[in-house]
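Please go over the structures that come below.
Shared between the two complexes below is subunit A, which pairs with subunit B and subunit C, respectively.
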Partner chain A sequence: MYDTGKVIIGLAIFACIFLFPFLYSHGSAAPKPKPSLDTPAIKALPQKKCVEDTKFMITTHMQFLNNWRDQALRDGNRWYVNKEGKKVWISLQNTCLRCHSNKKEFCDKCHNYAGVDPYCWDCHYDPNGSKL
Partner chain B sequence: MNMDRRKFLKAAGLTTLVGLGGKGVFELLKPGTVEAEMAHEGHEEGGQEKGSGPKVRWAMLIDIMALNQEKIEKIVHTCHHLHNVPNWGDPKNEIKWIWEDEYEHVFPDSYNEYNHILAGLPFLLMCNHCDNPPCVRVCPVQATFKRPDGIVAQDYHRCIGCRFCMAACPYGSRSFNWLDPRVSLRKEIAQGRKLNKRFPTRMRGVVEKCNFCVERLAEGKDPGCVEAAPDVMFYGNLADPNSNVRKILKERVSLRRKLELGTKPSVFYLI
Partner chain C sequence: MAARILFPLAVVLAIVAVALIGGSISFLQPLFSVALLYVAFAIFFFGFMAKVINWAKSPVPFRIPTTAGQEFSLPWIKWSKIDNPSTTGGVLLRMFFEVCLFRSLFRNMRTDLRSGWLIHSPTKWLWLLALGFHYSFLIIALRHLRLFVQPIPGFVETLDAVDGMFQIGIPPIYLTDIIILLAVSGLLIRRLCLPKVRFISLAADYFPLFLILGIVISGLLMRFVFRVDITAVKALANGIVSLHPVVPKGIGAIFFVHIALVSTLIAYFPFSKLMHMGGVFMSPTRNLANTNRMAYHENPWRKPPKFHSYEEYEDMYRDYMKEAGLPLERE
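So, the complex of A and B:
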């Protein structure tokens, strides 16, 4: 092999650069986010329960909200009947964010952690926030 | 394949005929079937049951004789406040849901320069929520669609901003968000404008227009413009022969814009 020395030095430099981010942030993983449920509206609830049960909401809220959107806007049916038979008014801004009046602590925390940028907030906004 | 020259020429001739004639050949061979199919498809597009018309057909009546500048400003302000419509202050980026224009622009087809009664009057323009909306026909993604109650709705989630609907609309009822509407809204809020926190904004790159206040109708409220000027704007069910709007239309002379285009607008101007 020609230029063995140079190649090995080059490889070593490459390995250092390549591994740097892994080594640098090793052991300092971002803590798992805990979305805050600490809002006056939720505190006032007799039973802390969302539209559906918590596990369902955590895993399926994306599809769930998509269905809500289509049902309200495309079909013009703004009432959602949950598994317990309770009627809920379909509205992200006026129903979801009425209880979850802390978008930054509730929605954004997980979304930022997961690196997702849902386009909901291009048009909808937190009615409790001071900034648009 | 075994085929003599005579058979080959027959087959070739028939193929050419179908190729050139298309629909007409089917008409020749089996009259009526194609037209029936097309009529059937067209019917489904309307989203209505055959025979029976829609049960609800929202219409808006605007009493031109009762309009004045003060009321126009109130109506436009109420509508644009309720829907967080930005005011760019620049006609190039203008977004409008309801706005004012003069007779010769509103009725260019029937403009009569000797008609001094209409010529001096202010007209309020909005989406006509046509029975046969050209914007719905051209939208490639079905972002704009006709609801069973006749309201032509716009789904901002689906809109790709191609602006075909704007080209198709003969009434200029649609506006395109060239810029992020929030930029203007933030500026206006700093100058004292209030946001309607029950309604979202739009984003850059979508087309918007009057939505007949569907969000308010769903809650059992009157449209914003009707609430702002109940003596000028009337809305009701055009499909019900005993409704308030039908009664008014029986008694008063009314105009509709560009009827010759066959869009069947559901906004009536009372004179």
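So, the complex of A and C:
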């Protein structure tokens, strides 16, 4: 091999960059977050059900809430009719956060884990007083 | 010529189809995510190393830099220090401009015959598309670290915030997503529509373009249309890099399409033109100083010649020479 020193330095840099995630993790996986449903309002519910079904809420709640915002603020229509035909009052603070009163244990759990920084809280505040 | 375009397209579509089927069958999901990624990572890592070491074994007996400017000469002749470097500093600058800013693409010219005149004119499209594509790809790859490691490094969060700074839509669309989509489409259109470029384009040129376009489209579809549970995706990715692989339930098939295309790209990487990532540093037309006349360069495979003296020759054939009556120096 020619220019061995230079080539090895280059390959070492390549290896460090490529192996960075492996070295950074030290062989231990971060536990998958479990958003907590342990709030008085949810406990009091006869049937533990969100506005739409759980799978849809897990994957698509951000687009769903964005549509809520547009419907409430741009169209002035504050009533949402879900797939079961039930009417729901559109409000993040008064509908969503009434049940999910534990922002820290619910919203933030997954958002921090996935590195998501939603701008909900640029305008809204958490009525249950967790520091934003 | 159509086969050169249609064959790689068919391969990419076949990968998409297989991954769609495999990703929908739950017992095949570990195969189409964890196993595939480990194999692809290993091929990429060791293949890349082997290729570079193999290149480093080739001797470069003579300085062959591209002399894109006036070489170092007499004091009153202006020397082009970067385009025809004869110092290490000049070479480092030249490599910096080549690797980070694609200087040689910036110098791209087009030649036209216009009403009997041969006209050379600068054309920057290739440079612009290439620069947009490569930097977007880099930023997108770095942004993906948020799904691989925990805690997330600060620079990844900063990149994420800057890239999505216009806060268009939910989840916000990234600037690099738009740029890479436009740039890859542009590079593909360039190959398809310019007759001279189409003439020299082979299946190996189209295949990475189709693959990357497939990766971009599947990624965008996953983000905006067929949403998947991102915490499950992170658990999978984080499991891979922490060597405790898990395949959480309920990840949509689109994720497996994305993974299959990415795995194909990185496993194909060491065997393809994509190796220019390592090759640009190894290129003797870029990384050598033009010191052909200033310094003595010994041929690295030069060995002392083997002599065969007349005495030895005579020893070898003495009997025959004697028989033929030839004069001998020694009896």
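Going forward, the second predicted complex is superposed on the first by the 107 of 132 C-alpha atoms of A that agree within 3 Å, B and C clash if a C-alpha of one lies under 4 Å from a C-alpha of the other, contacts with A are read in each partner's own complex, and residues count from 1 in each chain.
To be clear about the criterion, a residue touches a chain if its C-beta (ideal position, glycine included) is under 8 Å from a C-beta of that chain, and two chains touch if they have at least 3 such contacts.
These numbers were taken from a predicted model, which means no experiment stands behind them.
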For this session: Have a look at where A:A29 lands relative to subunit B and subunit C in the superposition and call it first, second, both or neither.
Result: second
For this session: Quick one: classify A:G76 as touching subunit B (first), subunit C (second), both or neither.
Result: first
Exercise. Which chain, subunit B or subunit C, is in touch with more residues of subunit A?
Worked result: C
Exercise. If you stack the two complexes on chain A, which partner ends up touching A:C123: first (subunit B), second (subunit C), both, or neither?
Worked result: first
Exercise. Does the superposition put A:R98 against subunit B (first), subunit C (second), both, or neither?
Worked result: neither
Problem set entry | First, second, both or neither for A:K49, with subunit B first and subunit C second | neither
Problem set entry | Touching both subunit B and subunit C, residues of subunit A | 119
Exercise. Once bound in the complex, which stretches of subunit A touch subunit C?
Worked result: 1-4, 7, 10-11, 14-15, 18, 20-22, 24-30, 32-33, 55, 58-60, 62-63, 65-66, 110, 113-117, 119
Exercise. Okay, in this complex, where on subunit A does subunit B touch?
Worked result: 69, 73-74, 76, 78, 93-94, 119, 122-125, 127, 132
Problem set entry | Residues of subunit B defined as touching subunit A within the complex | 145, 147-149, 153, 155-157, 182, 185-186, 189, 195, 197-203, 214, 218
Seminar exercise, completed: The residues of subunit C that touch subunit A in their complex are 44-45, 48-49, 52-53, 56-60, 145-153, 156-157, 160-161, 167, 169-171, 227-232, 234-235, 238-239, 241-244, 246, 248, 250, 252, 278, 281-282, 300
